[in-house]
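Shared between the two complexes below is subunit A, which pairs with subunit B and subunit C, respectively.
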Partner chain A sequence: MTATTFQGGRRLITMAGAVGAAGLGLTALGGLADPRQALASYLVAFVFWLGIALGALILLGAFHASKARWPVVLRRFLETIPLTLPLFAVLFIPLALGMRHIFSWVDPSGATGELLHAIEYKRPYLNVPFFLVRAAIYFVVWIAVATLLRRWSVRQDTEGGHRLTAWQRRLGTGALPFLALTLSFASFDWMMSLDPRFYSTMFGIYWFAGSFLACFAVLIIAAAATRADPGQFGHHLNADHVHSLGKFLLAFTAFWAYIAFSQFMLIWIANIPEEIPWYVVRTDSPWGRVGIFLAVAHFAIPFFLLLSRDLKRNPRRLAAVAVWLLVAHFVDLHWVIMPRIHEAGPHFSWLDLTAFVGVGGVALAFLVFRMRGVATMPVRDPYLEESLRYQPQ
Partner chain B sequence: MKRYVVAEFAAEAPLLDAARALRADGQTELDLHSPVPLHGSDEALGLKRSIIPRIALVAGLIGAVSGYVMQWYLVGIAWPINVGGRPPHSPPAFIPVTFELGILFAALTIFFGLFKLWGMPRLHHPVFEVEAFRSASVDGLWLSTAVAPEVAEPTAARLRSLGALQVEIVEDAS
Partner chain C sequence: MSSKPATAAIALDPLEPVPVLVGRPDDRALTESLVKPLYAPMTRGWKMLVTALAAGMGFWLLSLATTLVVGIGAWGNNIPVAWAFDITTFVWWIGIGHAGTLISAILLLFQQKWRTSINRFAEAMTLFAVAMAGVYPIIHLGRPWFFWWLMPYPSTTQLWPNFKSALPWDVFAISTYATVSFLFWFMGLIPDLATLRDTAPTRLKRTIYGIFAFGWRGSARHWQHYRIGYLLMAGLGTPLVVSVHTIVSFDFAISQLPGWHTTIFPPYFVAGAIFSGFAMVLTLMIPARKVLGIEHVITMKHLDNMAKVVLATGLMVSYGYAMEHFMAWYGGNKYEAFAFLNRWNGPYAAIWYVQLVCNVLVPQLFWFPSMRRNLVVLFVASILVNVGMWIERFTIIAVSLTRDFIPSSWAMYTPTWVDWGLLFGSMCTFGMLFLLFLRFLPVVPIAEVKELRRELDHHDAHAAGQPAHGEGTP
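So, the complex of A and B:
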């Protein structure tokens, strides 16, 4: 065992932080000229990176709930990802300040007919104070769960024993329903309410499916990137760990397709006036080509690639598929959010890029910063040895 | 008539070593019997990757394609049905059946394909004649190998020298 207290990453923090700050700065500058575009681009980037942190938190809870032993070796990294949630609470501020530019229900003065009716009808839920209170509740729940799980895990590094494992398992399991509810309502608030007429009860799980998949992609990329560093978890993963992560990637590629198609098919087949316009904009315009691209790039290609056992056991090739899936996931969120401000068809703005790099850069810098000062693996977890020997039949 | 030589071993390591040794001697009809999964048994027996995943993939694709074509022919061409003004050929509505038929074909092919590959249904096997072999489903670790009659005794001796607790030779009566 060469897992030591992590003190490196200074260069990565500086570089990612600088790139991230530049990206955010440029997005803010763009926001002065075109606040609508800047905020929409920023929202895509925000829910992309936040979704990965939430996916990691839910995966951590699921591992604790199932008393999983094999992922102990990668658990420290997994439990550090959600520690970026306080950063996302800060990054939420620009959205709260500029919400009137993209959320049409904030100021319904230009609205008529059906839209106005929907806004008035949903006023008890869709109003600014309640929206902000809800956001605060989501972040309090997420940050509390993430902080406690990681704090107990780190405490176990010195204390050892099984008591802290039991605590983590209890909290991780008990938190899952609350995480599911807050994630669902956050997706309703931040993405679905962009069009106050639209509603889909499975919208939350749609965001979750993509985010959970992206979280596995991040784990795989991090494992492949740290393979050569004996102090990092990637070095200690054997082919069976990588294979299991690959199986998860395959399973949740299929899960995303199942959810995305179910939502589309149910709304398409019911064809009722409240729901269908959301998909008419996204399929009957040039946006429809993006939808077909998603079916191919987010499902068909990775699904058939990931059927290969050899690919799933090869960290580098698996990481390449993971990068591809992250790109597809970004296009997915872009396709969900952007038609709100560009109804006619796909529109690429350089603010999409600056916001994406900006939020991602500062999140990565913050993640590596939070990794410093503690062991890179849960060194005194009672199941670490078993995890290192992981060999399923 | 070939002979089956069965041997019980005390632990996993000597069992797998014996399998490797016999394979190095040129024996091909080896098998291991254990009540629990044996890590490394595939490698010790020199088993190739199973063909089942490929069969399942092909069967699943055939099922999916035939599911789609069937619906396209039935409600698109042979008997067009107007459902809420949608065109007779409406791909989204066809996907669930396409998916289900893909799964059904793959599952049934695996089920009956394994029957065929395993030689099922088979009610009896010569090694069952060995009373002690019953422990293979309780706590015994067993190796079995099918050999020509004149090689049976040397094989039994070899297995004893490899550390077998007990060795039996049975004739294939079938």
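So, the complex of A and C:
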């Protein structure tokens, strides 16, 4: 096995960084003209990419909690994804600065009726200082967990032994309840509170379901992209690893649909005035077509494709489905956030694209940058060999 | 790597101190130890237990008969509390069933080797729990002899069930679940029934086991079909783990009642179901493995893992409580907020605190390995979890109903002896069915444990750096 210290990626960092910076710059320029649109587009991009990093952190914790051995070979990549979280803490600043443009509860001067009532009632929770303090708490928790898990894993590359595995397992497991709570409240703060009237106890799980799925999609795409490079983890995955990742992609495609359907159906059938307006905007307008698109593109098509065993064992075809799912996930978040500023129906802005490319570009550049200087696989993990040999009956 | 003996190699892994199979018994020793309890004469203690449970079952039948003769007026139900003990007990039993399906289907797909030794036991528990659960929605109909009206069939009056009602959904959910659980369980039994046919001491037993073994000969073709069928059943069973309790949660969540209508119910009910199901497996397994002398096959490793599942699902249930409470405030609906305050300081507050202790605090013990490996703690905690889960359903169902929107329509609920009889009697009936299972069928899948032993041999050889027997063949 030739797992070497990774020193490459220079070109990718430069290119992704340049594209990302250009995207962010253009979004900022657009923000001068139309801050509402720019911030909403930026928020979609932000929660899309951040969700993947959080999904990776939760998956890493879950792997440690279940003492999973088969994914050890891809774990180094998985634990590097959440290292982008400090970058997202920086990328949160534009949202904090411009929040009054999209969060109507910041400045309720134009609000009337139920909206005003909701804003006043929720003031103890929805106010700017507490909102920022909460965001700080979320990022501190996420960054601490991500940094420690990866630090111990890297330390094991030189130290070896079982002790660091035990540490990672303890922290990975113990962090899960905190990650669940912070992720949920982050989704309430950053997405649900866009409409201060709306509430759904399921909302945190909804964001988690899509983000977790997107995290598997990213793992699959990265594995397919690095297949030819003997220094990278993708090269060392066998067909069974790919198959297992494909099964997870199938399972969480179904899980997302389950959560999305349950939330929709329960609110639709009860039809109570506090909850239903959120879905009325998203279904009884041209946005409804986007909802139907999601049912087909985020569930039906990938679900039936992924039932195929051959497809799940073929890295390239599986990666194609993964790309498709990332697109669908983006549309999902767009459908959740954008009706806030475009109630009448879908409205495509070039800022959607620049923000998406901007946040994604810098995140990718930062990710590859953080991969440099350490081994591409946990080379002295006691279960690496077993993982490389992975062959379920 | 050094070439130490295979058995030493497992002990070398300090992160896996407890084995999934104690020792490496050969096929013959495994068969003998696992069928022995079926052929041994009944002990006195066993007979006394059967008698006691039969008495409890009698109480259950009496309560059922009273319900049929008198009607549901025999219960403590009233308006507004139209659902109380009956539906609570239904949800409790069907939730308990979920552990078996999770172990047999989802853990199979997750390639968890430890499931092998406990799946038969857990699936049997599922079947009996579903059998118990199925009774309650039927008797709550008021005129249960018309239960078949819930089936969609083209009657001459052209009356169809209302598909917007959760009641027909339950019919489909439960009947599908019962069918798949039974088929899965029975299919897994076939190779072992053949073993019993070949080893039973009397002609009668050999004949009966032989009929149910369906002519199994253990040929390669049989095994090939069996493995494919088993995997397909696991695939079918997996969505059922989620869907059945999701439908049950819809029974409440599709309404507008504060305390019932909340979007998190589907996953939260599923987590609660698995939580109580694993607790029930622990409650039954801790004494059973000792009495049957199979502690080398169902080891501390199994109990330890099940305790972890109880912890994980218990945390999910606690997450559900947290979200419900936060949204009860955040949502700003005063009726919803009142429903939750009423849990903390209403007339039923005492049981709410018991629920919190049982479902939120008790599972936290299982963060500690020493607690997960202490049989007394495990046993007591597993019972407390199921007490807590029963109370949880009572809190959701009955306590929410006692105080809804208009104070003038509020009413307290007090159970009658029939209500208690239907609850405790069902536990005795369940226990009775379980004793019959322990008496007549192998508790541990013999064929699968043999296969597990071979896989462990293979793994040990790898860990010791020696090529295993048969290495290189797919």
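In the analysis below, the second predicted complex is superposed on the first by the 393 of 393 C-alpha atoms of A that agree within 3 Å, B and C clash if a C-alpha of one lies under 4 Å from a C-alpha of the other, contacts with A are read in each partner's own complex, and residues count from 1 in each chain.
Here is the rule we use: contacts are C-beta pairs under 8 Å (C-beta built on N, C-alpha and C of every residue); 3 or more make two chains touch, one makes a residue touch a chain.
The model shown is predicted, which means the values in this text are computed figures rather than measured ones.
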| item | value |
| --- | --- |
| Combined model on subunit A where subunit B meets subunit C, clash or fit | clash |
| First, second, both or neither for A:Y121, with subunit B first and subunit C second | second |
| Per-residue contact with subunit A, leading partner among subunit C and subunit B | C |
| Touched partner set for A:T201, first subunit B, second subunit C, both or neither | second |
| Subunit B versus subunit C as contact partner of A:P71, first or second or both or neither | neither |
| Set of subunit A residues, in rising order, touched by both subunit B and subunit C | 265, 269, 393 |
| Touch list for subunit B against partner subunit A, complex | 37-39, 49, 53, 57, 84, 92-93, 95-96 |
| Subunit A residues within the subunit C interface of the complex | 65, 67, 117-118, 121-122, 125, 162, 165-166, 169, 174, 176-177, 180-181, 184, 188, 199-205, 247, 254, 258-259, 262-263, 265-267, 269-270, 272, 274, 382, 386, 389, 392-393 |
| Subunit B partner contacts - residues on subunit A that touch it in the complex | 261, 264-265, 268-269, 271, 307, 309, 391, 393 |
| Subunit C residues within the subunit A interface of the complex | 13-15, 109, 111, 164, 239, 242, 246, 250, 253-256, 261-267, 312, 315, 319-320, 322-324, 326-327, 330-333, 367, 455, 462 |
